[in-house]
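Okay, so chain A shows up in both of these, paired with chain B first and chain C after.
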Partner chain A sequence: MMEAAMKSGREAVRKKKIGPGPELAALYKKELTDHIRSKRFLIILALIAVTAVGSLYGALSGMQEAVSSSETEIEFVFLRLFTTSGDGIPSFVSFISLLGPLVGLTLGFDAINGERSRGTLNLLIAQPIHRDAVINGKFLAGLTVIAGMVCALGLLISGIGLIATGVPPTGEELLRLAVFLLVTIVYIAFWLGLSILFSALCRHTATSAMAVIALWLLFAIFLSMLADIIANALFPVTETSRASALIDNYTCSQAINHISPAYLYSEAVSAVMDPSVRAMGLVMQSQLSGAVVGPLDLDQSLLLVWQNLTGLIALTMLSFVASYVCFMRQEVRAG
Partner chain B sequence: MEQKAEKRNIRRIAAVGMVLVIAAVLLLGSAPAQAAGGLVMSTDYPGVTAKAGEEVAFPLELDSTTGASLNTALSVASLPEGWTGYFEGNGSQISRVFVKGSDAGGESAAATFHLTIPEDTPEGTYDVLLAGDAGSGAADTLQLQINVSAEEVAQGQFVSQYSELQGPASATFNFNATLSNNSGSEQSYSLAAQAPEGWQVTFAPSGESSQIASLTLGAGESQGLDISVTPAANVTAGEYTIPCIAASGGETLTAELKVIITGTYGLQVSTPSGNLSVDSYAGSETAVTLSITNTGSAELQNVALSSTTPDGWSVRFDSASIDSIPAGETREVTAYITSSTDALSGDYVTQITATANETTASAEFRVAVKTQTVWGIVGAVIIVILAYAVYRIFRKYGRR
Partner chain C sequence: MRETIIRTAGLTKRYGENKAVDGLELEIEKGEVFGLLGPNGAGKTTTILMLMGLSEPSAGKAEIGGYDCTREAIAVKRIVGYLPDNVGFYGEMTGRENLRFVGELNALTKEETDKRIEALLARVGMTDAADQRAGTYSRGMRQRLGIAAVLMKDPQVVILDEPTLGIDPEGVHELIGLIRELAEQDGRTVLVSSHQLYQVQQICDRVGIFVKGRLVAAGTVEELGKRLEAREWTLELGAQPDGAGLKKLLGELDGVKRLERKGDGWTVCSERDIRRALLDALAHGGYDLMYLRPCGGDLDEIYRRYFAQEEAV
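Then we have the complex of A and B:
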């Protein structure tokens, strides 16, 4: 049966030069099963779920504080579930921007070299299937797991938050949540692509794991510190320096920060999840004169961070294409 | 000697004649009230003017000058042809009146003589002679003179304490008027006012809240009236005369009330749709049609337009001032709001003010600055180009 299916699949593929055939579907299914059955996946899922619930607890207590301390009504309660921090617990959004990459890394760091070291890659290539189906299947399966996980977490927080606050979301809030989940999937997919690239580049899984973890720590944590150091070195700021020096310093550190996909993601999410955000980066006093507080429409919020969104999507495509090219050009030998 | 005696006789006769003439003059001088024999009959106004068909009443007073009480018979000695008259006392027709002497109290006795003038009486002066006779020489006559005139005689009076009041258009003007019936008979007055359209005039007796449309006053009575005047809602500044009329069967009394409405000044700045929010792109010019309304009651002249904007913004008007806006009218002006090139997305407030010498008004416009959709399209195009590049790479390296 299997053989027959594969045969017909190959024939179909021959007629149409490129196209997802049954071989891709079979590989996709196999990879998906492998991911879901692995202990590694269960551990990372548990970790993310615990942090999500923890951040929700922090958000609820933080909102309660805000309600009791100020008379004004809190707007966009539903979105606040995801963006409010409290009791020293960071918000869900900042947790995801920090730990989301870890999900992508876990799913992809040994995608190629793991199989290679186990010797299963040779067996796979020996099968009558196309090589690109192998890497496409791996990436698509990882992407599916990421999407499922992110949506499940979003729904989990929405559900518990709804029970806790009793405030139903508006259509606008639901749309913003959907955009947020989509951007998060793209962001984590970038790290998946990057980790697959390293697994194709490095011979040993430990090396590729170390390499992507190093990149993750650099982008998520250290780059912002580095940016400040470099900016201060290039444009020193003292108490007596002029406003233009301050602006130069800030612009420089912003430029360096924007290399980091984690920074791009946080900025994009802050605009998507908070309608009151009206500008990114430096805002002059003159720009604030006559401004009144009011939420932006979703399309305006998206236009505000269009560069970030475009950048994230482009980076994700590039990371996957790089791993694709790398894998396709490699010689697969026994051993 | 005889001649001397004759001269003496002539002197005597002359002396007697002189005495007689003096006596006659004295007698004639006191003719209207002959105080012959201790009875005096009098009335305050023996001569009156009346119209044909009217009834005239003369209050009579009878006194005893001797101190003795007199039971006096009253009678009409002479009356023009066709006229009728009777004596009345204490509500009934009388023929005798008892005049108390000083020993019985000495007060004067009162009676009223009612005289009815026939409808067809020609104009002229008529005499009526009344007589009172108590017997034993105590008798008196009283001559009354009635001037019958076709002319209307203003017997009533309708006046206001203040005939001019001043106030704004929104005020209610209260006049205190008095309506007097000075005629000898009861009169029913109907009250009305000739006010401009939309005005309201109501009459109420002083101190009462009930509004009345007519009023009955007895002879000689008067009544205070509160006249309340409410101007029409769209009244313009100026002077208004409101004749108030109290009309009875016999006469029409008019009180002219004058109300001076002082001008009120009001301006309103809005848009024809009332919508005060505008969309704009950063750095671009947005046209807004303003409607400037004069909400006051006086014309406004030289209404200047100005604006208060955020930093780096500007507003220009197609005409920076309006020559005049008549009361209640609206003028439309187009304002061009230019936002700053580095305005943030979201809402800004721009205030537009209209100023006349007398008053000022302003409106706050909420300008929603938007990002050009072009940038979103640029992002999409970049993604599409990348996707095409990825497709080319797949074509090149795929299916090995």
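Then we have the complex of A and C:
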């Protein structure tokens, strides 16, 4: 009889379909609650919200100045809410490209090693769940929080901006905004994946936090300086240099800059949010002759930064896959 | 008829050159409490991790309830509850919420989860503290909540890794009662690992002694004791007046192999039971016996000797 019971139990187990089960939902739900309740997330959210409102104020006063100083009408008022800087306050877009990564880092830097040091990872993996459900749940919950936050900020600025300017957005502008928000989510998700990777690699949460913050500073601030230094060393430019030397220098520094996801992101966003951006990188006088001056359509703008977008998506996937593989291959008792 | 539920064959785990577990052959029967004993680093936890499918064996295999522990880890984890040695809970959540989360991970229905939570909280005596945040719990409370978490899935087999570590004597007493109950009332099979021998001795049907990754002996506590006694008897005694005379008298007794000072008395090793002869000799010599106790039967002694033997090899 025991045998029979055992067998039927086994059948029941086998019949369960493979794939995300209730365990992923449970983990996802828990992670989401954790994030929303956690103080550090609330702090970073408050920081971002304050900068968003600040940047909006800057944008409005910047636009006012532009309107009063020149007779020409400002085009794409709605998009300019996000991209204009003024009164010494950077635009929302540049704020997000600097602070966005911080959100990803906050959500992920202690994802794995925090569980490990609290002893809750042991609790989780003793349950009949697939191991990857743990990391999938974490990434998905982080992604949800990021998406929610980015969209809420977008709507916040649109809302206040609409009231302040009274100029309704066109369909084109709304589409561009949607693309911008989507790219921002992908960009922040890259930092989430990266910080989860470090949380799996480092034993202490402090170490992983420092490591990802170092990378963030490198990509967001120092890499562009480094790129110039290296380019100048390899392809020195003087006043008497020929155009080809200038081009070499510029190409080199561009190539180095393009390693940085922060650079990829801000380049992509500058094209998406500003239809008057018609080219990226170096443009020769000869290429400009005969060009029709005018704003680009959205699909043309996208085409302009297509490699940036695919690069960002690829980097995001790569960062998640790396953390996934790292976590799955780890011994339970690492240390 | 007894039925084997946990079986390992040649189970080995290598970390580089080191063998953490070396060719483990173990059979544990349904419904028994088995104690896995050994000093720290003897390979107890590694063995348990391999049984739970959390660590891949370098060689050999392990089975629980007919499932292969490595390849059918999820099925194994459905019937086995495991309490790790340093179990933690989510400090921001209450004890009850933590248990509910475990219930969700085990895909229990909501009603079933709530029913089990109430019953288990009462059973481990945590009903009053259930709505406190788990971050405020003492180690003893965490451990009791851990046992409740293990029982959420109603497991056939319960594996407890060092359950009594860092718990005060009162707490240990309760915990031990609870563990014994799991086997006697619920009919679950229990595997307990520990280096605290005395506690394990009280609750285990059988024990296995683990030294440097190898199982050097397995059996009931009495069996292990007898096996050693066959080779040597040990008595501890104290008598007055204690001095050179007593030492000489003890040393000259027939069959005594060794004599050691121990505290305020003596440890006498002999090749057979010399208690009768010893008492006679003491009485004749005019000594007052303060205490006399045979040792070697308790786990401490067994363990110490097995360990010493292994070291010598």
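FYI, the second predicted complex is superposed on the first by the 315 of 335 C-alpha atoms of A that agree within 3 Å, B and C clash if a C-alpha of one lies under 4 Å from a C-alpha of the other, contacts with A are read in each partner's own complex, and residues count from 1 in each chain.
Heads up, the rule we're going with is that contacts are C-beta pairs under 8 Å (C-beta built on N, C-alpha and C of every residue); 3 or more make two chains touch, one makes a residue touch a chain.
These numbers come from a predicted model, not from an experiment.
Following the overlay on chain A, a side-by-side fit with no clash is recorded for the pair chain B and chain C.
After overlaying the two complexes on the shared chain, residue contacts for A:229 are found with neither chain B nor chain C. Of note, the Cα-centre angle with chain A at its vertex and chain B and chain C at its ends comes out at 160 degrees, rounded to the nearest 10.
Of the two partner chains, chain B is the only one touched by A:286; chain C is not. By the touch criterion stated above, A:255 is placed in contact with neither chain B nor chain C.
Legend: residue contacts after superposition of the two complexes on their common chain; A:22 is shown touching chain C, with no touch to chain B. Look at A:155: by the touch rule set out above, it reaches neither chain B nor chain C. When the two structures are aligned on the shared chain, A:321 is found in touch with chain B, with no touch to chain C. In the superposition on chain A, contact of A:128 is made with chain C only, not with chain B.
The overlay of the two complexes leaves chain B and chain C separated by a minimum Cα distance of 8 Å. Residue overlap on chain A between the chain B contacts of one complex and the chain C contacts of the other covers 13, 130.
Listed in rising order, the residues of chain C touching chain A in the complex are 3, 45-46, 49, 52, 54-55, 65-67, 74-75, 77-79, 81-84, 86-92, 101-102, 104-107, 149-150, 153.
Taken together, the chain A residues at the contact with chain B in this complex read 13, 17-18, 130-132, 278-279, 283-284, 286-294, 296, 299-300, 302-304, 306-307, 309-310, 313-314, 317-318, 321, 324-325, 328-329.
Taken together, the chain A residues at the contact with chain C in this complex read 2, 6, 9-10, 13, 21-23, 25-27, 29-30, 34, 37-38, 118-120, 122-130, 331-333. Partner chain A is touched in their complex by these residues of chain B: 309-313, 340, 342-350, 366, 370-373, 375-376, 378-379, 382-383, 386-387, 389-390, 393-395, 397-400.
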